[in-house]
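Each of the next two complexes has subunit A plus one other chain: subunit B in the first, subunit C in the second.
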Partner chain A sequence: MSKFITILEGLDRRWIFLAMAISVAGPILIIGITGKTLPETPTPAARAVYSEIEKLPVGTPVLIAFDFDPASGGELTPMATSLVHQCAARGLRMVFIALWPLGPQLIDETIRRVILADYPNLKEGIDYVNVGFQSGNEAVMKVMLTDFAKAFPITKNGTAVGDVVALKGIQRASDFPLLVEVCAGYPGAKEWIQYVISSSGGKIKMVTGCTGVQTPQLYPYYPVQLNGMLGAIKGAAEYESLVNSSLAPKDSSAAIPAKYLEAQRRMGPQLGAHLLMVGLIILGNIAFFAQRKSKVRATS
Partner chain B sequence: MKPSKTWVIIVAVIVVLVGIRMSIGQGMARAYVERVDQSVDVKANATHVATTFKWTEWHPVQPKMYEAAQKADANQTRFAFSWANTIGLWLSAFFTLAIFSFLYRDNPGYRLAEAVIIGVSAAYWGVVGFWDTLVPKLFGALTPMLVHEKVLPSLPDPTMGQVVAMYFALALGIMLLMRLAPKGGWISLWPIAFIIGVTAGLKIVSHVESDLVAQTVATFQPLVNLKSADHVTQLWPTIWASLANILLVVGVLCCLTYFFFSVDHKGAVGRVARVGIMYLMITFGAAFGFTVMGRVALLAARVEFLFDDWLWLIDPAGKRIVEMATAVGSMLCWW
Partner chain C sequence: MKRLVPMWIAIVAGFVMLLSAFFPITESLGETMGDVFNVVAAIAFILGAGSLAKVNLAKISQRDQGWGYAAITLICFAITLAVGLGKFGVPPSAQFPALGWSGEKDAEGSIFGWIYEYALVPITSTMFALLAFYVASAAFRAFRAKNLEAILLLSTAFIVLLGRTFAGVVLTGWLPDWASGLRLENLSVYIMQVFNTAGNRAIIIGIALGVTATSLRILLGVDRSWMGSGD
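Up next, the complex of A and B:
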């Protein structure tokens, strides 16, 4: 036992990195080859996101903000894909905006992956529009509250917003009954709550998908100021399973496309990595208490 | 510090495995594109004859589409192998591995990747700042004719208020740059004071509204939360909902007590503050757990990229014709 404790005390941290790499890579290989994913039970926060979108009538305009960049894509792309998937299936009018400069490219990528691939009947400029990026962070949000066209005068393609059919009847942010925010930091969901949701007097509802780092900071806003929330990849996997089960084709033998299983696939490596973490914490504590005990013995 | 023999062996095994992967099956890490011819008719106005502009776009496609097209017609020109995208794929894999290599120790590969990230980010921000901020906002307001003619024909004409505001912003911007001048650096304090004043004004109102008032309201929860369905009170849902509210209210009061330093944390106050510390510790634990989850998700995404797009070991999206299980199986057999 004492030898084992000595090894633990002098363990090179690179062995831990290697163990982490194996615990993540192993499940990815297994899930990648077998195609099996872990089952998910949606929590109330994920169910709330789904029901807020589902209760909107067909053709309702929805403001979808992509406030993240590829650095957070591993966590947020799966939830962005599923959110657009549900909105497209529901027949909502999707107005995409970004307050992060790389947001418009990620919007285009999601449109290509979901709308153009699976909903070719939806027309750009009529059923959905990528309004693009606008610099100014909170200032843009404040301007949107009074005049949407002033905050976003032209779309990403250079069309004046007044000429876009998808934006017909949209004067200000409160004309959108729902704001769907996918965010990785500043400006993000917190700023939307502070500058838009609080000032709208309850006219706009908001659901968000955010990174793991942001999740504890945003939980206090749920469910009063934030109507639904997808926290990290776990929230994404729960919501993904919910959307997939509701949109599953009548013929249950048809496989769900891999792009709609991205979050659920990433829960395998999560399991491996978390088991390793728990094991390491237990081992660390054993080593700590053994060391303390031996010190007490030595002094007495 | 010299790398130990064990680590050299581990790296060598990985390199050999990648080499084997390159030589078996369909190989790995190749990108293909589809030729898409585009055209658009442009007319300056109704009386002008339309001019047709034509160009070719190359869209990324899955390898299986190229393979299928080649099988049907070996001389087809619609799909092609893309050197540019393939090099991009290899660079992406190289930089991913270079960044990971820091976990072993600092090395030139990591430093190169770091320098490239910083350089590319700085250049990208510069370009975005010019085209998305200066051109539409500043030049669009001060030289609208030029911007309409050369860059953004659909940009709405600025109002007099916007023009005046932009002259003001331009003056503040120039004053801010005075910080770089050898003399007159104090001039930059004025725009800094303006920025701080405006930001504080915006933030104070929103924080009081959304965080202080709204969060206080959200904390006032009934300690007994009756849950009923069809006019019948449900026992367990009521118990759980009431327990959640009690935990919330007790937690808020205990944490506030912990941060109340005007009274010594002794006796009853000390015990309440101790409960507050426990709540804080649980909060930090939850935050740590979520952070780990986030980082592991990012790691999984990169590893998935290496296995799927680069090594072609797995194929969850069915991008390639050859079953990846076969590729992995043949690799294991070789091993």
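Up next, the complex of A and C:
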């Protein structure tokens, strides 16, 4: 036993890194080979995101903000994919914007992956539009409240927003009944709540998908200012399972494309990593108490 | 003069924004101020580039520790800026097929798009993924049940860590419906919605009060620390 404790006390951190690599890579390989994912039970916050989108009538304009960059893509891309998937399937008018400089590229990727691949009947500029990035953070939000075209004068491909059919009837932010925000930090959901949702007097509803770090900070706003919330990859997996089950083809033998299973697939590595963390904390404490006991013995 | 002008700009802009939130008649003034802010924010990108160059060039010229990284930063910055502004490899847009530069800078096939896809995305994702390894190492060395507070923290961490995965379902899924609140996945949601929300709301209210006090000090010209100490 004492030898085990000695090993624990002097454990090189590279062994921990190796253990983490195995516990993450193992589930990735298993899920990749078998194609099976872990079952998910959606929480009320994830269900609320789904129902807020689902209850909008066909053709309703929806403002979708991609306020993140590729660094958080592992956590946020799967939920962005599912959100666009549901909006496209529902026939909503999607207006994409970004307050992060790398947001427009992520929007383009999602449009390519979901809309162009699976909804070729939807037309750019009519059913969806990528308005692109605007610098200014909260100031852009404030301007959007009174004049959308002033905040975003042209779309990403250079068309004046006044000439875009998808933006017909949109004067200000409150003309969008729903804001879908995918964010990784500042500016993000918190700023949208403070500057747009609170000022709109309840005209705009908002749902968000955010990183694990942000989730605890956004819980105080749910369910009043935030109507639904997807917290980290767990929230994404819950929402993804809801969207997939509602959009499943009538022919149940048809497989769901891998791009619509990304969040659920990532719950496997998350399980491995979390179990390892719990194990490491327990082992660390065993070493700590053994060391403390031996110190007490030595002094007495 | 150097401090007086910025101070008055801040005071006037601050009061205009404040009044525009309460009086509809001043709303257009607030909008104008928002436009001004957007222009200044765009200029800040140039300032940021200048600052990046200044800091890294100083490191290189003084041969500071890690000056090689500073050189790599500047080279990558210059290449990305050049290919972005020059729109190298950008295919013409569908609207203006005769004009070579009419396409988007990050269009498929452009060098800028290539840098984004094959350099930026993998590098930033890797940086983020490395966190898992360091967090695991830190958890092993730092998470100790030294006192009651630490024990509470550890217990909460265990519930949330397990409750956010399928492990929670496996470990406590057998509990009957009347005790479903004790299932790890439900406990985890309860902790986030009740304890976490209570703590966070207290912090948010505290911050809001602090921001209000600091903003008032700036608006009244009492606090000038935001201008820096240099003359």
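In the analysis below, the second predicted complex is superposed on the first by the 300 of 300 C-alpha atoms of A that agree within 3 Å, B and C clash if a C-alpha of one lies under 4 Å from a C-alpha of the other, contacts with A are read in each partner's own complex, and residues count from 1 in each chain.
Assume a residue touches a chain if its C-beta (ideal position, glycine included) is under 8 Å from a C-beta of that chain, and two chains touch if they have at least 3 such contacts.
What you are looking at is a predicted structure, and each value in this text was computed from that prediction instead of being measured.
Student: Which holds for A:195: it touches subunit B only (first), subunit C only (second), both, or neither?
Tutor: first
Student: With the two structures laid over each other on chain A, which partner does A:35 touch: subunit B (first), subunit C (second), both, or neither?
Tutor: First partner only, subunit B.
Student: Tell me which partner A:288 touches in the superposition: subunit B (first), subunit C (second), both or neither.
Tutor: A:288 sits against subunit C, while subunit B stays out of touch.
Student: Which of the two partners, first being subunit B and second being subunit C, lies in contact with A:154: first, second, both, or neither?
Tutor: first
Student: Tell me which partner A:179 touches in the superposition: subunit B (first), subunit C (second), both or neither.
Tutor: In the superposition, A:179 contacts neither subunit B nor subunit C.
Student: Using the superposition on chain A described above, determine whether A:234 touches subunit B (first), subunit C (second), both, or neither.
Tutor: A:234 sits against subunit B and subunit C alike.
Student: Under the stated touch criterion, which partner chain does A:278 make contact with: subunit B (first), subunit C (second), both, or neither?
Tutor: A:278 sits against subunit C, while subunit B stays out of touch.
Student: A:135 contacts which: subunit B (first), subunit C (second), both, neither?
Tutor: Both partners, subunit B and subunit C.
Student: According to the stated criteria, A:73 is in contact with first (subunit B), second (subunit C), both, or neither; which is it?
Tutor: A:73: touches subunit B and subunit C.
Student: Just to be sure I follow: which residues of subunit A are touched by subunit B in one complex and then by subunit C in the other one?
Tutor: Dual-contact residues (subunit A): 17, 20-21, 24, 71-74, 134-135, 139, 142, 158, 215-216, 220, 231-232, 234, 270, 273-274, 277.
Student: Mind pulling up the subunit C residues that touch subunit A in the complex?
Tutor: For subunit C paired with subunit A, touching residues are 27, 30-31, 34-35, 37-38, 41-42, 44-45, 93, 95, 104, 106, 113, 116, 120-121, 124-125, 127-129, 132-133, 135-137, 139-141, 143-146, 154, 157-158, 161-162, 164-167, 169, 185, 189, 192-193, 196-197, 200-201, 204.
Student: What part of subunit A is in contact with subunit B in the complex they form?
Tutor: 14, 17-18, 20-21, 24-25, 28-29, 31-33, 35, 71-75, 101, 133-135, 138-139, 142, 149, 153-154, 158-160, 162-163, 193-195, 197-199, 211-213, 215-216, 220, 224-225, 231-234, 257-259, 261, 265-266, 269-270, 273-274, 277
Student: Provide the residue numbers of subunit B that touch subunit A in the complex, in ascending order.
Tutor: Residues 7, 10, 103-104, 124-125, 128-129, 132-133, 136-137, 152-156, 202, 206-207, 209-211, 214-215, 217-218, 283, 286-287, 290-304, 307-308, 313-318, 324-325, 328.
Student: In the complex formed with subunit C, which residues of subunit A make contact?
Tutor: Per the touch definition, subunit A meets subunit C at residues 11, 13, 16-17, 19-21, 24, 38-39, 41, 43, 69-74, 102, 104-105, 108, 134-137, 139-140, 142-143, 146-147, 150-151, 156-158, 215-217, 219-220, 222, 231-232, 234, 267, 270-271, 273-278, 280-281, 283-285, 288-289.
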